[in-house]
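Next come two complexes built around chain A: one with chain B, the other with chain C.
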Partner chain A sequence: MKLEVGYIDITDIQFSDKASLQDGVLYVDRDAITAMILEDERIRAVELDIAKPGESVRITPVKDVIEPRVKVEGPGEIFPGVLSKVQTVGSGRTHVLRGAAVVTTGKIVGFQEGIIDMTGLGAEYTPFSKTFNLVANFTPVDGLTAHDYENALRLAGLKMAKALGELGREVEPNEVKTYEHLPVMQGAEKYPELPRVGYVQMLQSQGLMHDTYVYGVDMKQSLTTMISPTEVLDGAIISGNCVSACDKNTTYHHLNNPVIHDLFEAHGKTLNFAAMIITNENVYLADKERSSDWTAKLVEYLDLDGVIISQEGFGNPDTDLIMNCKKIEAVGTRTVIITDEYAGRDGTSQSLADADASADAVVTGGNANQVVVLPKLDKVIGTLDYVDKIAGGFENNLQEDGSIVVELQAITGATNELGFNRLSAR
Partner chain B sequence: MGKLKVLHYINQFYAGIGGEEMADVAPELREGAMGPGLAFNSGYGDEAEITHTIVCGDSFFNERLDEAKELILDMVKSVKPDLFVAGPAFNAGRYGVACATIAYEVLSQLGIPVLTGMYEENPGVDMFRDKLYIVATRNSAAGMRDAVSKMVPLSLKLARGETIGASAEEGYHPTGVRVNFFEKERGSKRAVKMLLKKMAGKPFTTEFPMPDFDRVPPNPAVKDITKATVALVTSGGIVPKGNPDRIESSSASKYGEYDITGVMDLTAETYETAHGGYDPLYANQDADRVLPVDILREFEAQGKIGKLHNKFYTTVGNGTAVKSSKVFAEEFSRKLVNDGVDVVILTST
Partner chain C sequence: MVKEVERAGIPVVHVCTVTPISMTVGANRIVPAVAIPHPLGNPALSMEEEKQIRRKILDTALKALSTEVEEQTIFEVE
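So, the complex of A and B:
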């Protein structure tokens, strides 16, 4: 599968009477976007706002972050099985509005959402302080259940990203990259000397605010399976979770999965990126056993020399991570795992909820319990009503001077386990 | 600010007195820098200066420990340095133990910033790595230049009370305290590089060595459950409605103790979960799903259990440090034992 990705660099975002994309400036028609969102009768109101890098703006609580993309050539559309028909994506050409993002916010179930600061200390920890963000703050109709509201919010964010992405269809990209994923036998014939490497991506699937969808399928109802990494770049995997915000993959993270990008970069030079496996992180032990059996089985079938395993979340999924690692090592395939840590605020506690000697190659995204003081910012998009209840917050953490004391946990994407950031710990 | 005053500790060998045959020499305070101290001083430049050196034989230190400590601490007190540097000791075992031991004494008794350095297999590392900063050096004095180049900046930071970065940045042996820092490359890139090395059988360094995991063997079966007092303990965050003690939704700093005398059933009006790590809807509808008070009341009435203890203990497991959990459990386990509880049903989520 061969996918050309054209990156259009976005250098500013503004509201305008007419939607367009000119010379890197994204003009957003606020009324049109609002009308589109309100087509969903579950949403009572939406406020649109803009947050740019360096501005004194705090967005909280954050539900999802999505990068605008559009399929220009080839089968399917962006976010297949969700916003468009189920059709295999990952080939042809896709345009990306690089540097732009849609951010969704609004009260969901009380606690459980993240913080994006566009400036100050917090901005150093979230990748979305560097993007030009169109932020939507939603209010649901009365009496809407949490599950329905999550669903409404998730779809609204994707629709907004799709609408913005559409503006890039005819625009000449600043950069075009080609990603090619070969059929197994062809890859083996083409690169006989190179180690066969796979990517095992663990997808969060623990229930409300902890779900991930693949071509529209709730991943907790799927067996471990395979996907072409180019499909992921076209939105085959989307996020339905944001709890705790630091180490959950937003849809933006999936679209820009750094493991996929870095394996593609090494592909044909130092390794043969032979396969990508996706598995879930369900809460029941039987599911954990079954899914990890299947990852090891697929790794063995595919005759892989090594795999990178990325986790999503912490605690309960630490068990899935260690099971995957242990079973894959047991079939003779070398592993590197990417995780993050919960070593306590003082850094002295045991970092993971499970461990095994075979997990001898670990990349860490840092200690999520580290406490940071976020300065008061001039403007809040969303509400501060929940900052003491979100994961990573605590009682009276909103200080009199307007600053907020939180653990990194509360910051969207801070300790991401796809290896998206440079943050680490020793 | 003038130059920082540094006191340097070395053994008889690095002082040029002699080898093993001279290891019995008693501690001696000399003015100025000598041996490796000269390299330190050139590294310190205008920032700091070794004004005095203490020389002590390795045998004297290790065999007459209390005497050596006392003599050396008196010397340190007389010099009143801003910083105490010992070694580096590389892989010299007794020298390493002496450097770390005396550095720790100076730090803990006198509150003066200290630094030493040695090779990872030096026994001084395992004895003192959680008590003071020990710079990682090569295994022989051929690594002197490298050791000094790490010890100079780190010792200056310590003397000035500046924030110390992670072990990988500063070059010290990991202390067991996890410290965040920004790497040069993103995590995925580091993972690809680590995998290439691992597949090729080349050495690589994990960013998180697996801990010895604390596995608890189950207790023997209860002899007669129909006579037993049963208590409920949960990490599923069940609390009285409104979460009166404000237990955090994640990374809990406390646990709750709640009386359930006369409570037959947990309802949506009376109980809820404080837990932020799972779909709370079902627990909020009926908290018995996580903390089965209703069933245990039935069992109590039917004589299937002796009785249900009138208090339950609860916290949130979500991202809560194992260390905190241990502290909570040690505290309420004692209460449970004192209250004559025979059985605890521990529920998670």
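So, the complex of A and C:
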């Protein structure tokens, strides 16, 4: 499966009475986007705003971040099975508005959303301080259940990203990259000398609005399965997550999964990126056992030499992670796991809820309990009502001078377990 | 908590969903629960059925509490 991705660099975003994309500037028709969102009868009101890198702006509570993309050639549409018919994506050509993002906020599960600061210390910890953001703050109709609210907000965000992406259809990209994922036998014949490396991506699927969708399928209802990494670049996996902000994968993270990108980068040079497996993180022990059994079965079946496993979230998914690691090692395939840590504010507690001697190669996204002080910023998009209750916040953490004391946990993408972070400790 | 109470000489049964974590942290008597969001019930069932589940888990826990163990043991709910 071969996908050409054309990256159009976005250098500014502005409201305008006509939607267009010219010389890197994204002009957003606020009225048209608002009207599109309000077609969903579950949404009573939406406020659109713009947040640019370096501005004194705080966005909270953040639900999802989505990158605008459009399919230019080849089968299917962006976000298949959700916004468009189920059709296999991942081949042909796709245009990306690189540097732009749609950010959705609302009070669905206020304590399980995140913070994005566009400047100051907080901005260092979130990748979305560097994107030109169209922010939508949604108010539901009275009496809407949290599940319906989440669903309405999720779809609205995707529609916005699709509408913006559409503006890049005819634009000449600044850069074009080609990603090719070969059928198993072809890959083996082409690169007989190279180690066969796979990627096992664990998807949050605990239910109660901790969910991920693949071609529209709720991942907790699926067995472990395979996907072409190019399909992921076309929006086959989307986030429906209301969970701790630091280590959930937003839809933006899925679209730009750095594990996939780095494996493609190394493909044909130092390794053969042979397969991608997706599995879930369910709340029944039998599901955890079954799904991790299945992961190991597929790894053995595909005859992989090494596997990278990325986790999403923390706590009981630590067990899914360790089960995957242990069982894959047991079929003779070496693993590296990517996780993050909840090691206490002083960093001395046990980092993961579960452990095993076979997990001897670990990459960490950082300690989510690390406390940071976020300065007062001039403008808030959304509301500060939840900053004391947010996961990573605590009572009276809003200081008299307007600064906020939080654990990294509260910051969107701060300890991301795909490695989508800019800070490192060396 | 399980380990601290046992350190004081009182045997403990750990009822929990993710028994591997219970094994990792060192509980001696472990009884599997239903699911993480609802360890002692199941919202998909009727109140009466849920009560039966709770009764079975409790009976198993009491049995575990009165059983001598030589090593970490998981007592399956029948």
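Everything that follows uses one rule, which is that the second predicted complex is superposed on the first by the 419 of 426 C-alpha atoms of A that agree within 3 Å, B and C clash if a C-alpha of one lies under 4 Å from a C-alpha of the other, contacts with A are read in each partner's own complex, and residues count from 1 in each chain.
We take it that contacts are C-beta pairs under 8 Å (C-beta built on N, C-alpha and C of every residue); 3 or more make two chains touch, one makes a residue touch a chain.
Predicted model only: the values in this text are computed from it and were never measured.
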item: Simultaneous placement of chain C and chain B on chain A, clash or fit; value: clash
item: Chain B versus chain C, judged by how many residues of chain A each one touches; value: B
item: First, second, both or neither for A:Thr319, with chain B first and chain C second; value: second
item: Partner chain in contact with A:Ser424 - chain B first, chain C second, else both or neither; value: first
item: Touched partner set for A:Gly306, first chain B, second chain C, both or neither; value: first
item: Partner chain(s) touched by A:Leu285 [first = chain B, second = chain C, both, neither]; value: second
item: First, second, both or neither for A:Gln409, with chain B first and chain C second; value: first
item: Touching partner for A:Leu208 - first (chain B), second (chain C), both, neither; value: both
item: Shared chain A surface residues [contacts with chain B and with chain C]; value: 206-208, 283, 316, 353-355
item: Chain A residues within the chain C interface of the complex; value: 206-208, 283-285, 288, 316, 318-319, 322-323, 353-355
item: In the complex with chain B, residue positions of chain A that touch it; value: 109-112, 145-147, 195, 197, 206-210, 243-244, 258-259, 261-263, 266, 270-271, 283, 305-308, 314-316, 334-336, 338-339, 341-357, 359-370, 388-395, 407-409, 416-426
item: Of all residues in chain C, those that touch chain A in their complex; value: 17-21, 24, 32, 34-37
item: Sites on chain B touched by chain A in the complex; value: 166-169, 174, 176-192, 194-196, 198-200, 204, 206-211, 213-214, 246, 248-251, 253, 276-281, 317-324, 349
